[in-house]
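Could you have a look at this structure, given as structure tokens, before my questions?
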Amino acid sequence: MTANTVVGVPKESAAGERRVALVPKVVERLRARNLSVVVEPGAGLAALIPDDAYVHSGATLGDPWAADVVVKVAPPNETEVGALRAGSVLIGFLAPLTDPGKAKALRERGVTAFAMESIPRISRAQSMDALSSQANVAGYRAAMLAAEHLTRFFPMLTTAAGTVPPAKVLVLGVGVAGLQALATARRLGAHTTGYDVRPEVADQVRSVGAQWLDLGIEAAGSGGYARALTDAEREEQQRQLGKAITGFDAVITTAQVPGRTAPTLVTAEAVEGMRAGSVVVDLAGESGGNCELTEPGEIVVAHSVTVASPLNLPATMPEHASELYARNVQALLELLVDADGALSVDFTDEVVAGACVTKEA
Amino acid sequence: MTANTVVGVPKESAAGERRVALVPKVVERLRARNLSVVVEPGAGLAALIPDDAYVHSGATLGDPWAADVVVKVAPPNETEVGALRAGSVLIGFLAPLTDPGKAKALRERGVTAFAMESIPRISRAQSMDALSSQANVAGYRAAMLAAEHLTRFFPMLTTAAGTVPPAKVLVLGVGVAGLQALATARRLGAHTTGYDVRPEVADQVRSVGAQWLDLGIEAAGSGGYARALTDAEREEQQRQLGKAITGFDAVITTAQVPGRTAPTLVTAEAVEGMRAGSVVVDLAGESGGNCELTEPGEIVVAHSVTVASPLNLPATMPEHASELYARNVQALLELLVDADGALSVDFTDEVVAGACVTKEA
Amino acid sequence: MSRETGIQLLYIVAFALFIYGLMGLTGPRTAVRGNWIAAAGMGVAVVATLLTPGLGNWWLILLGVAIGTAVGVPSARQVKMTAMPQMVALFNGVGGGAVALIAWVEFRESAGFAHAPGHVAVASLFSAVVGSVSFWGSLVAYGKLQEVITGRPVGIGKLQQPLNLVLLLVSAACAGVIIGGGDAEVLILGLLLSAAALGVMVVLPIGGADMPVVISLLNALTGLSAAAMGLALDNTALIVAGMIVGASGTILTNLMAKAMNRSIPAIVAGGFGGGGGAGPAASGDQTVRRTSASDAAVQMAYANQVIIVPGYGMAVAQAQHAVRELADMLEARGVEVYYAIHPVAGRMPGHMNVLLAEADVPYERLKEMEDINREFSRTDVAVVIGANDVTNPAARTDPSSPIYGMPILNVDESRSVIVLKRGMAPGFAGVDNALYFDAKTSMLFGDAKSSVAEVTEELKAL
Amino acid sequence: MSRETGIQLLYIVAFALFIYGLMGLTGPRTAVRGNWIAAAGMGVAVVATLLTPGLGNWWLILLGVAIGTAVGVPSARQVKMTAMPQMVALFNGVGGGAVALIAWVEFRESAGFAHAPGHVAVASLFSAVVGSVSFWGSLVAYGKLQEVITGRPVGIGKLQQPLNLVLLLVSAACAGVIIGGGDAEVLILGLLLSAAALGVMVVLPIGGADMPVVISLLNALTGLSAAAMGLALDNTALIVAGMIVGASGTILTNLMAKAMNRSIPAIVAGGFGGGGGAGPAASGDQTVRRTSASDAAVQMAYANQVIIVPGYGMAVAQAQHAVRELADMLEARGVEVYYAIHPVAGRMPGHMNVLLAEADVPYERLKEMEDINREFSRTDVAVVIGANDVTNPAARTDPSSPIYGMPILNVDESRSVIVLKRGMAPGFAGVDNALYFDAKTSMLFGDAKSSVAEVTEELKAL
Amino acid sequence: MLVENLAVLVLAGFVGFAVISKVPNTLHTPLMSGTNAIHGIVLLGGLIVAGLGAEGVLDKVLLVIAIAFGTINVIGGFLVTDRMLGMFKNGPKRDGSAK
Amino acid sequence: MLVENLAVLVLAGFVGFAVISKVPNTLHTPLMSGTNAIHGIVLLGGLIVAGLGAEGVLDKVLLVIAIAFGTINVIGGFLVTDRMLGMFKNGPKRDGSAK
């Protein structure tokens, strides 16, 4: 490995992906750590970051694929895998659990790859936790999306033309995204309620001023995640949720179990029970959705209820989403290089080991 | 005039108009006042109100144009004017100041027409003030729209991946819509500032927790409205605003002077001065817009700044917008009928006289 | 133990009961009990005195007590609540009168204090002067409050002060001559009469609104005269009781004056007017009643139901958090609190909702106009915070008013109304509000945020 | 005016100064002045006494005063701040000792109070007993605090109470015989010694943590003995001063016991342990220091800069509005207040921002970790409200900790730390926090919202 | 004797001062009325002077008036105070139920 | 005489009681120390008994000790209290600037 490692930032190729892996502010910081940054021309345009800004912060424009370390947001497509230099390092979301083929291709290419989603969620690695940072954006946007599609006000308003009651918002699955969705909806004046299968979430739900919906089903898994429910539990949950959901104007679902398809929480019947004009925002679309009527990436209207399943919400707020992601990447990069900016990867480190999906043989 | 006046509710024909002039709740109340209501099938669909709901509340489905009183939201198009029965009464937004031809056509048709926007803004008539009720919806949606198009967060968030500062939102022209936009943006966590030419607005701006931008130009007109600025004042205003706007992430403009084209507050130059990714939401598009780059009804991106000029924001939240509008209409109707539900219009009443644009000869 | 000692011990018990009772009187919870404890002390003191060896003239004593009881009990029982202040003035006056009379008799009995030690004469004469001032001053105060005499200041202008000084000097001169050995009855009469004139002259020029402070001051003076009489008679109970009343009465007078924004010297100098504590801008001849944060606090604390009526002023003051805190505090005391949200309160639709949501007021506590209007007649206190037009009864009653026909919140139906605003300025519609001149309305002037905070603080102290 | 009268008047002046000084001592603003006013009163009293006609034995007096000054001044000047409590105990003890000795001398000089009125004997003997108890009890208290004697309770178990009773009865019996006419010196010696043994026996079984309450109690007793001596010597100054100390000391003892969650009877019965006011769940042998709302309030009120560190507990308690109010109050007093926002405080990114924005905390007051970490060393008080992991120094120092490597807020660098939480439960990471056992940390246990509200209330009372 | 009385006087003054430090405005009037009743203690003076010998008719008349005055002050004072305080009791009737 | 003294005693008790009603915990220790200094007034007893005649040597010795004790109590008490209170003064130095 040579000193002064070069970091390449390609333009994202996935449809609708407006994020970029590094932002100028972070480029500056990496420069201070003796790293060179090569940015593909136009890489930041979708996030409204002009090339100038990168140059200004000390990056050069050029071919990112020739770099020692390539940092991306979305997993590389086949062409991009092919463009990677053998022996180089790739950092980005790599979907190792849902798309194991990608890891294989990378291994074959002789690339050392670190998946952002595999970084262990331990205290020390919080600054690299891109799942959290992007889920946070997604939660905020989900609440906005619900407000946008609802034909009603979120806040209560007493006016000369009558009083509008506050919208009732239910969040199913209260992880990082769910909490932020609850908090944002409440800020807008909605009456918020949260539900999860992990019992410790009750306090967290209350801590953002929301109410806790208790269905009596507990399913805490390991590492702060939930476990999958048994069939009996699932049925009971659907039945009870179906009843509860009727009273809500907007339902935001974020329930996921790592590496599995998302549990179905909102049945077609439950949607039918909702008032006309209500909204379901399903953030679990990528893993199949929490709502039976979800068509990932689409907005469908059924029984006058809007069911939206945006696939990549963080990309709809590209500037801050990129900025937060870039900071995560920066924290990981700083773990991988020494003081001189030379790559020096310690594979015994818990974080490095956890994140690494393939290693140059 | 016969007892038991029939009120007709047609389906709105204007493009993008999702509102409806009466909602089931209000139909019920009118029934209690001895009025019959005929609803055109499908009239409520765009607002996600099924025909059933109307029938359930006591309306009949049928031809609304044969009714004694036709209530609409948007001004009637030529066909609709033709469908009106001579001697009938029409209530709705009629744009009397900007489209005097419509009044003429209605007069020729022998219709008595009341324009919702002409109802005097006096205390007693507040419950009929559809300008306020719809401006309120528009202000709320404008803030949401700004948040949606901004590539950044509205609220400040300190996270493991860095701190995001609160968005700075400036509202130019702080009438009803402007105040609600300020309040909504602030709820979402933005740092808000308001500007207007009427000096009494300063306190109102502060009363929703926003800051007051003082440029030293005062132009209070009559009836609580602003007067048009002189040329010198306009230039001075544009110059100063141009400087101030640079520092804001989102600018929402609502400045209007009744019956005139909207003043230009945000020059092309000012837009150029804004940070990439910033947003201008121009609510004055209908009367030409407050921003030089505004294309009414369009979303344009110039110098990486999004300039959105939604034309009929209340229609994007049809259920509550319709409900509030229907309440306004109901209040006016109640003024026009006697206890038996017979039409009995007192043209000496200040409100009735003000609202009336043509009278059956 | 000698009988003397026993009497002295009883006196100690008596004043201990006075003090204990008085401590009770300073808190609303213990006040009733405190009053009766003090009364028990009085009983002990009277019994102790009656045990004095060699006491005679029983029929005299009995007669006096019987007359006193016959007059005192019914008048105390039957006086109307509204006439309480003048009753207190009267009771205070007769107390002062008793002191003056006793001093007079002592003078006569002792041939002008011929053989008494110097301090006895001084103390007796002091009590005579103060007692007489107190008696006549109280009578004038009574007359003013009872409207027997005009409530407006009556004075002789610039000459007032010199005249009062002359009267004071005359009584002092009489006293001096008596102490110096004079024993002519005219001396004591001169002393009593000049003191009487002084009492009348000092109180006459003071306006009716300031009377409570004046009565309190005379009360403290009567206390001091009692203490002086105690010194003259070498009676501990009198000394302690009189002095306690003198000291606590002085503090109390000060507190009262402060609560009314008056200074005692200014009041006594007779500079103040007859308006009933008029607000800063009483419109026309109508007067408004001011209240203080602590009074407002007590009123709310002992209410069953309080309705808060927020308006544009609350928004301008950004007082929403303070208001929420006040409501919390009241609820913790068991008071039912609701917020009456008028549809056009503030300056934009839903203005109050936005603010109250920010302050995290539970939705269930917010009541719409139609719902809450039924509640006002069942409400003890309506607290109007920076709202004006939306509470203006002119909207119901005055067809010429620009707000005629606008539905309003019927705050005037509640048992009492407290209005928080900065001054008497009108609201958006620019019209005066008759509510402010209603007898059951009291105004707490000041920025809404600070006023609410003050009330909250007072509540905590209760 | 006779010299006697003059002396008496001086005594009145003296105790008036005591009372006035004591009133000053009850508020932090006026305390220093109050202390010197009381001292001035003491000067007046001493001068008045020295004016007593016929006073002799001047060299004796001079010698005593000289010795006292020579011992008292340097020890008061040089004692370390941390040793203040035992110093107070010592000073109190010698006061009690003085009383006992004087009573003894009086006994000897008057041949067993042969010709004195009954109450003089009673009062003298009472002062002797109480003085002796106070002297020896204080010495033991001193020894415990100075760690000359073990701080842990030393007792003889079940026999303690009966033994103490016997000792009390013995001294009472001696007193009885003396009053009955006995004049053998052995009687007074027996009385003094049994009282001495009683003092030792009562204090020995009490743990070091309760010593402040015990000292206060002994202080009140010494006051009473002084008052008794005043009765015996017919000296008003002694009576008033002694009684004031006796009464105020009793109340103070009660207040202190309440603040420490102790009951006086329980303490005196010797039921309590030696731990230094241990928290509810001191981990291992480490102890935490509890504080009270009022102490926390004083600490914050007199700080130049306070940093508030909010965490998940603030969110759970929904204490954001209360915290904002506290900060406002501090700022109104001129204290600089900042909020230190840790990037992962709470349970979601930006958790604290959302809450503090709801409470309308100005953005300028929110400080990010990197910025505020430089400030802690300049900060008087860091107030940690329901935060735990984000303040845990183990993240810097203990590589085996699950939070090792996480950047934290350096609250431990500030001059003092107040932690508000419900108990000793760990945070999200499940690890103990060494911060809580730090000498400069004090814990205010309870729900964050109510604790903050209490502190605010105390602040208002300051 | 005088001096002892002075001591008592001063102490009583302090007591009065210390007791009435901060009372809610609403209690001002009842408190004034209560202290008013207490200084009805002047009745004692009347009793003593009358009981230990009053000779002339005028003296007797004056004393009867004085005693009657004192009695009115005492009895009326306490009764009126009690009535005033009664008004407060109506309010806090649910006081027990509140925390 | 005794009875008058008792009156004084009772009144002084009330004063002590009324003055110390509610003090912040932080002032407990200085307040205790301050009252401690005040009861150093027992020094007066020593002065009187010594000054009005003590004959035996033992008596004299005892009295010197008593006076010394009293002096220590007074002087030490006030000084220590002042030092304790000095710690408070460091804090509120900007008190003037605050409102």
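Annotations for the structure displayed:
The letters A, B, C, D, E and F name the chains in turn, as written, and every chain counts its residues from 1.
The rule is simple: contacts are C-beta pairs under 8 Å (C-beta built on N, C-alpha and C of every residue); 3 or more make two chains touch, one makes a residue touch a chain.
These figures come from a predicted structure and were not determined experimentally.
Within the contact network of the assembly, the step distance from subunit D to subunit E comes to 1.
Superposition angle, subunit E onto subunit F, using Cα atoms only: 180 degrees, a multiple of 5 between 0 and 180. Two chain pairs, B-C and D-F, are compared here, and D-F has more C-beta pairs in contact (counted per touch definition above).
Taking the CA centroid of subunit C as reference, the farthest chain centroid is that of A. With centres defined as mean CA coordinates, subunit E is found 78 Å away from subunit A. With centres taken as mean Cα positions, subunit D sits 56 Å from subunit A.
Here the spacing of subunit C and subunit E, counted between their Cα centres, is 16 Å. In whole angstrom, the spacing between the mean C-alpha positions of subunit C and subunit F is 39.
Those residues of subunit B in touch with two or more other chains are numbered 126-127, 132-133, 136, 155, 157, 159-162, 164, 187, 189, 209.
Contact of a single residue of subunit D with at least two other chains is seen at positions 15, 19, 23, 236, 240, 318, 343-344, 349-350, 354, 357-358, 360. Within subunit E, the positions touching two or more other chains are listed as 1-2, 4-5, 7-8, 11-12, 14-15, 18-19, 21.
Contacts between chains, counted with the stated touch criterion, involve the pairs A-B, A-C, A-D, B-C, B-D, C-D, C-E, C-F, D-E, D-F, E-F.
Within the complex formed with subunit D, the residues of subunit F that make contact are 1-2, 5, 8-9, 12-17, 19-56, 58-60, 62-89, 91-95, 97-99.
Contact residues on subunit C toward subunit A in their complex (touch as defined above): 341-344, 349-350, 352-354, 357, 360, 363, 366, 368. Interface residues of subunit E facing subunit D in the complex, by the touch rule stated above, are 2-4, 6-7, 10-11, 14, 18.
For subunit B in complex with subunit D, the residues that touch the partner chain are 155-166, 189, 191, 209. The touching residues of subunit C, when paired with subunit E in their complex, are 15, 18-19, 21-23, 25-29, 31-32, 34-36, 38-39, 41-42, 45-46, 49-50, 52, 54-58, 60-61, 63-65, 67-69, 71-73, 75-77, 79, 81, 84-85, 87-88, 90-92, 94-95, 97-99, 101-102, 104-106, 108-109, 117, 119, 212, 215-216, 219, 222-223, 225-227, 229-231, 233-252, 255-256, 259, 292, 294-295, 297-299, 301-304, 332-335, 380, 458, 461-462.
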